[in-house]
Amino acid sequence: MSFGAVEQLFYDVSTKRNSRAAFREDATAFAEKYALSELERDMVLSMNAEGLFEYGINPMLLMGFWTSVNGPQSMPDYLSRVPTLTSQLETVSE
Amino acid sequence: MSFGAVEQLFYDVSTKRNSRAAFREDATAFAEKYALSELERDMVLSMNAEGLFEYGINPMLLMGFWTSVNGPQSMPDYLSRVPTLTSQLETVSE
Amino acid sequence: MAEIVGGFIMPHDPLLFVNPKKKERDHLIGAYSEIRDKVSKSGATKAIIFGADHYILFGPRCLPQFLIPTGELHGPIDRLPGVGDSPIASDPGFAEYLVGHAHQSGFDVSVARDLGVDHAIGVPAQLALPADGSVKTVPVYMASGVAPYVRLQRAYDFGRMIGDAIAKMPVDESVVLIGSGGISHWVGTGEMGRINSEFDRKVLDCIVSGDATPLLSMTDEEIMREGGNGGMEIRHFLAVMGALPAGRGEVLAYEAWDGGVTGLGFAEILPA
Amino acid sequence: MAEIVGGFIMPHDPLLFVNPKKKERDHLIGAYSEIRDKVSKSGATKAIIFGADHYILFGPRCLPQFLIPTGELHGPIDRLPGVGDSPIASDPGFAEYLVGHAHQSGFDVSVARDLGVDHAIGVPAQLALPADGSVKTVPVYMASGVAPYVRLQRAYDFGRMIGDAIAKMPVDESVVLIGSGGISHWVGTGEMGRINSEFDRKVLDCIVSGDATPLLSMTDEEIMREGGNGGMEIRHFLAVMGALPAGRGEVLAYEAWDGGVTGLGFAEILPA
């Protein structure tokens, strides 16, 4: 899986001004620079917080990516979508 | 000393296309983004291979920076300027 | 001979500074000042601050278990209201000594030659150390925010190794150690906003008693469940405890502050 | 049960591929093919390649002592004539197993979740392993190009730990180990172009005898003086020797090739 490429994209968007601007301008074109699987690309482009969290993306990074793109006022929206950590722990321990 | 800032500049120029172009276009403006001391800035802007080597910059990085800026055909010029590693070892062991 | 003159734990919660709900917080900001006074009175000349990267400084191409910056310092680069990005007094020679001792002792610490620190290091450095730069800081980044996480016992052993490094320094120095981290908190997960005071008390009790065993015997899954992914930062407290074995502690302030999302604990650990 | 079926050392000198002086080199390129055939015949399913970063992959913000990439692989990103940047068969599960075993054994290996490798890993992976992807590669980057350098004994002990990890794997696997590095060479220093055959022979003699002691007892200053800053890469050979203690070696090819700047040695190490 190319999990790491998703995190690299999120890291770039969260920490680099140019990457953030480029992603906001044309997310599809920006995502093409990363070796994402089709599933990954779809989750990234649709800002699928639930799917990305369950996929195992680091939650701090996912939140940083989300708020970089949608602004800090989008936090309630993010939190209404993202699953609990506990739900993931139960998945693991089953 | 801000040694690390010099290496960060060299690393960026050696490994990032945009940084290389920006340095070639306007080295003085590019160098201002890094917290260099006056001595360091002078050595960088004058491409002072001898001084930078003696200052302790990693030789692989220094060579990479030099040839990124001046092109691979500049290697003989670089080698005619750069001191020997042995000369540095003697300095250290004295 | 160098010696450790004190240990502290304190949070670095950005919300305490942003204060979006405009809640009363002077008593919490005051806890940083109280520690600053204690550090001043201790005669400290050096500080070692253990903190986490939150996937801001280090990207997916290099995720270190332990990392010590050996150059000049400034931060926090993620500026906070009241905590600007300004220089942090550093001591590259001391940082390099610690790196060398770590390598010699079998700890494969990574280094940064040029690093602006984030709020995990910047908040304690700017608020809990004297403003005159008389205390030189060495940050130690530990993998507490991004997996694979440093193992709990390894965090404790790292602190022991740091204690040994200080004891063996041939020069007169007085060192304070700071474990920077929130207690229970969930960051970027559906629980965000939950604070588990029971977990927080358990952690603070260990610090007060000077017995790290209950912390060391937790699994990461337990910590995640009871303390959240942010609670993984107890590793930083374990490093301080490892350097001050059997040192008893005192809680200076604790609050499950409703202006933020984190159990905020401030404590002092005295050398045994 | 998994086992190590063979060890190899080989160079990764870019000049061998660029060949700026148009020198005869088929016999050297042929040595890679010879090793590839041996790997095929050994029935290997996994390869671990020890290499150096040359200040290309990791910048001044994070310089690891040891780093294992745990994601998908491709490279070399610094494309060379005849060695394109193409996928390298990987096994994230095996990489994660090695990281976990390292951490459990007290080696604080950093990880990369997403990394294109450079020529140090890419050259052996593309030229010395079967082209059909049947051998899955795990790279191990060691600090041999940028200070602070991994200590020699630590490099050897790291190899021993890897040998232990393989011995304890609960599945059937056949593993080859590759130490990737030139012998004497000076990179970016005034000596560049000098090759010290005497140093090269000393290193190869140790590999042939299976006795690492003469290498382990060198100081870094000696290596720098006699083998150059590039000679620090003997750490990668020491890792292979540590995993194959007392394994005797055979030199497959050696040349102080005048088309480049590096003592080029190819050797096989057989399990004792």
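The letters A, B, C and D name the chains in turn, as written, and every chain counts its residues from 1.
In this section, contacts are C-beta pairs under 8 Å (C-beta built on N, C-alpha and C of every residue); 3 or more make two chains touch, one makes a residue touch a chain.
A quick map from chain label to UniProt name: C, D = Protocatechuate 3,4-dioxygenase.
Not measured: the values here are computed from a predicted model.
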B-D compared against B-C, more contacting pairs: B-D
Separation of mean Cα positions, chain D and chain A [Å, integer]: 35
Centroid spacing, where centroids are CA-atom means, of chain B and chain D in whole angstrom: 28
Residues of chain C touching at least two other chains: 60-61, 71, 112-115
Set of chain B residues in contact with two or more other chains: 4, 7-8
Pairwise touch network: line, ring, star, complete, or other: other
Complex interface listing, chain D residues touching chain A: 70-72, 92, 112-115
Complex contact set, residues of chain D against chain B: 54-56, 59-61, 145-147, 186-193, 221, 224-225, 228-229
In the complex, chain D residues that touch chain C: 57-58, 60-67, 71, 99-100, 103-104, 106-115, 148, 150-151, 154
Residues of chain A defined as touching chain D within the complex: 1-5, 7-8, 35
Interface residues, chain B side, partner chain D - complex: 4, 7-8, 11-12, 14-15, 53, 58-64, 79, 82-87, 89, 92-93
